[in-house]
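Shared between the two complexes below is chain A, which has chain B as its partner in the first and chain C in the second.
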Partner chain A sequence: MTSAVRTLRRSVPVALGLATLIVAIALLELLIRIGWVNRFIVPLPSQILASFERVVVEEGIPERFLLTLREAFSAFVLLTVFGVGIGVLLHRVRILRLATETWVAAFASAPTVLMYPLFLVIFGRSANTIIMMGFVAGLAPVILKTVEGLAGTRRVLINVGKSFKLTPWQLYWKILFPAALPSIFVGIKLGMIFALINIVGVEFLINFGGLGQLINELAERYDLAGTYAAICFVILVSVLFFILTERLERWLRPAN
Partner chain B sequence: MPAATPLKRDQSAAGSSPADAILVVDRVTKRFDTPDGALTAVDNVSLTVAPGEFLAVIGPSGCGKSTLFNVIGGLLDNYEGQISVAGETVSGPHRSIGMVFQEESTFPWRTVLDNVAFPLEIAGMAKSERYTKARHFVELVGLDGFERRYPAELSGGMRQRVSMARTLASEPKILLMDEPFAALDEQTRLLLGDKVLQIQQELQQTTLLITHNITEAVQLSDRILVMTYRPGKVKRIVDIDLPRPRSSEIVSSEAFGRYVAQIWNDLREEASRGMRDDESRTRHAGEKQA
Partner chain C sequence: MAQTGQLTHPSVRLPALSRVTLLRIAIITTVLVIWEAVAASGLLFRDVVPSLVVIAGAVVSVLSEPGFYWHLGVTAGEIGTGLVIGGLAGLVVGIVLGGSRFLSRAFEPYLYYLGPTPKIIFFPVMIMWFGVGSGSKIAMGTISCFFPIALSVAAGMRQIDDVLIRVGKSFRVSTWQMVTKIYLPAMRAPIVNGIRLGLGVAIIGTLLAETKLSNRGVGFLIINSYSTFNMPRMYALLIVVFVLSIGVNALVSRVGNLEAIKVR
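Then we have the complex of A and B:
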């Protein structure tokens, strides 16, 4: 296969994805214009597009975007360090795992965002509250998927390690951990989805800081086009984290 | 063709005298606790392997072959008896014994070269030195040109060759293989048998092969130890007096056919017993459920 054909094959899905998005937006525009969708509830995509410049210049999008990005990154670091760390601990200490696994699973579905008043009391009306809310919301899936990945390592790979007389530390670092990486990254991606929802949600609720606060303000002003434009930036944060985790995973485990 | 050596009931030692043997398995018995009581998987098995020898252990499913493999490799403990390598009693995994497993055991996150270099990395060898050495073993198993590939890009037979190269790279005194080609088709199995023979001759590698495949055992071995169905005991030892160097072409020779027939004769009784036992257990479980 020539490199041109290979490039073409790789770019077709990307082009198809973009084309689908453009067609969906155009369809929405059409439905609103012919009155099938109420334009007082859903603004015209063309209006949203037109409002981007205004929102960026007048509403301080770059600063807010960076603040939300920083909060999300802090939550990501905390999630990775503590989520994977606790997962490793639960995998190693069987009694601890048996005692807590059900609770951690239950915690994963708990609406932690409702705990924000408690976090406000502890951390004040600051970015710390938002980061901690994001961290708490995303912790359970990272722990659960880390434990699942480590426990699911094929017995024969562990036996290979034992046959080469690996120390317990080497067995973890050289075999269990790389074998569990795909599952751990599923956990981190899931955790980041919950974390980002909570970060923007708490910014919205406590009217502080980044994109969530801006969405709150624009919605209060009934600036629908601006609100949706700001939401697009939240999606951009999400996309950036998805790319970051994908890159990180590919760097740590190139065979994927 | 030399006659097979039938063993008396209490005689279960196999092979050369312990003094010149590199591996001595002395009266090993391994029991497992099951809900129905203790199950003896391996019963008073003794064998010796001389340096450079190729010994195959053959038996029907459920005769304790894999248990014996795991006991010798040090992956199972709490057994009776003793195992020694070059005169030294060993317990637990030992650097002198290199294991090749039945299941696919390459590390999917490592390239072929990194897989093969794994034991050298664990031993703390410098990067350039270990890659040079790993390349030699990749070449030995005939996978040169695939060094940068990942296991997912290789066929089952190629992956097993990577596992074998990885174990050989640790330069074990004894290569212990548990049905390494069981999951492969017959043609690939025969051709890989050629590769194993070539490597074994080249390195003068002492090898202990666990298998249920008679053709494979006769094609590769100097001696074949036939085991009984549960509990696994030594039933008979057969010296394979076929000329070396051998290749897979030997399977069409008359002498080869005679060895296969002779071993099948020994195995048929054991395999039938295993089959009857399986049927009775399935029936019993069905009655229990009903």
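Then we have the complex of A and C:
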């Protein structure tokens, strides 16, 4: 009984949120139909819904999706290797950390995506530019969180390792690294969020590649319903990505 | 997302500070020497890695152009307007969602998941709604900064000490007084943090929109130097933009810190 009440109590707000969304969409449809909102600026929601299938089939969404996914995966590999590598280096060489950690933090707050014209010149209008933009955008959080995780290892654990006379290598692999793993994962997650934002953004900006380019192309063709549908699709994909990484994080993190 | 963007100073101050400074100088010198060597060697395209002297000259010439300040003013105006609109909307939405557990459960997931999507993809729609001029850039700045500010304020609302709220209630203050006398002062730190995050993404949103379609603003200058293949000028503009935005970011977080000290 109580659990049923609790589920009810939880589902009421969720239902309200969904209902509001549906009512807002219906209201928009109505306003466009009576002419209060210009249908050449905002297409009918029913039209957007109808054009989903057309966009998916005719514009090759699966191939574009795979292309964006491949770019994201390359950026992920680069981020993990270099981000965690530099993080470990900064943690091992204390003076290097003291000298450069503020720089890395400042770099994290810099609008790195603005360098895309520069990357266009260096790497050409290709997937490499997009991958490198994603990599640069996500690097700082991975480094910072790796250092944070390694430095935050509990003293007791290190002492236990030392009392077992572990070699520095063993100490790293058996104690420091596992202890830092949750923090490193948070760093990679943050880095990948920044990387994905930039990958799709740069695809849109330089009109090359996967999902981002699709929006640009449809907008330039003035295919209104298609543009809105493509934007909705990209949002859906990114929301799904965040939900998945959150699940993954919860699954990886030891219960505490 | 909150911690990474923040300028954190190394908490431990060692007596070896001078050694740290020396190392910093050594790193910078090494990078500059390698850069100059690559530029002089001609191994890479000359224009991709221009000599430091050329870049420095370009920085000086950009900063001494009166036209540059006009473009900077346009961009600053767009970012500022976007931040005001998006910030106020974010503040109101954050207070409403943070104040009610029910509303937060109903609507906050949408904000939470929409927050980290790439905002630039809305740009074609913003052009249709607000035109190709400053309007669409302000709109980009607004939707960029709305999400971090709203989420940060909502989280801040939930962290307010219950005692403060009960004191307010026992004085039977009105809702407006509750907001201005209790909520806002108690949430100073999360609000400043939200503004810092929001400002960062508003800068990115506005400048990117300017590089995509515009005829004024710093973003336009950057993409224009790309179209005319004026690499030293592009480097100079990027350096100026980076220094300005990192500086503004540090300034805002410093303001937040000072206020936090006063509260204690």
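One rule holds for everything that comes next: the second predicted complex is superposed on the first by the 174 of 256 C-alpha atoms of A that agree within 3 Å, B and C clash if a C-alpha of one lies under 4 Å from a C-alpha of the other, contacts with A are read in each partner's own complex, and residues count from 1 in each chain.
Just so it is clear, contacts are C-beta pairs under 8 Å (C-beta built on N, C-alpha and C of every residue); 3 or more make two chains touch, one makes a residue touch a chain.
Here the structure is a predicted model, which means the values were calculated and not measured.
Contact with chain C, but none with chain B, is seen for A:99 once the two complexes are overlaid on the shared chain. Contacts of A:146 after superposition: neither chain B nor chain C is touched. Touch criterion met: A:160 reaches chain B, while chain C stays clear of it. Contacts of A:213 after superposition: neither chain B nor chain C is touched. Measured by the number of chain A residues touched, the leading partner among chain B and chain C is C. When both complexes are overlaid on chain A, the residue A:174 reaches chain B alone and has no touch with chain C. When the two structures are aligned on the shared chain, A:17 is found in touch with chain C, with no touch to chain B.
Residue overlap on chain A between the chain B contacts of one complex and the chain C contacts of the other is empty. Note for the complex: chain B touches chain A at residues 73-75, 93-95, 97-99, 101, 103-105, 107-111, 118-119, 122, 150-152, 167, 170. Those residues of chain C that touch chain A in the complex are listed here as 1, 3-10, 12, 14, 16, 19-20, 23-24, 27, 47-48, 102-107, 109-110, 113-114, 116-118, 120-125, 127-129, 200, 203-204, 207-208, 211-212, 219, 222-223, 225-226, 229, 231, 234-235, 238, 241-242, 245-246, 249-250. Residues 10, 12-14, 16-17, 20-21, 41, 95-102, 105-106, 108-111, 113-118, 120-122, 140-141, 144-145, 187, 190, 193, 196-198, 200-201, 204-205, 212, 215-216, 219, 224, 227-228, 231, 234-235, 238-239, 242-243 of chain A are the ones touching chain C in the complex. Listing the residues of chain A that touch chain B in their complex gives 154, 156-157, 159-160, 162-166, 170, 174-175, 178-179, 181, 253-256.
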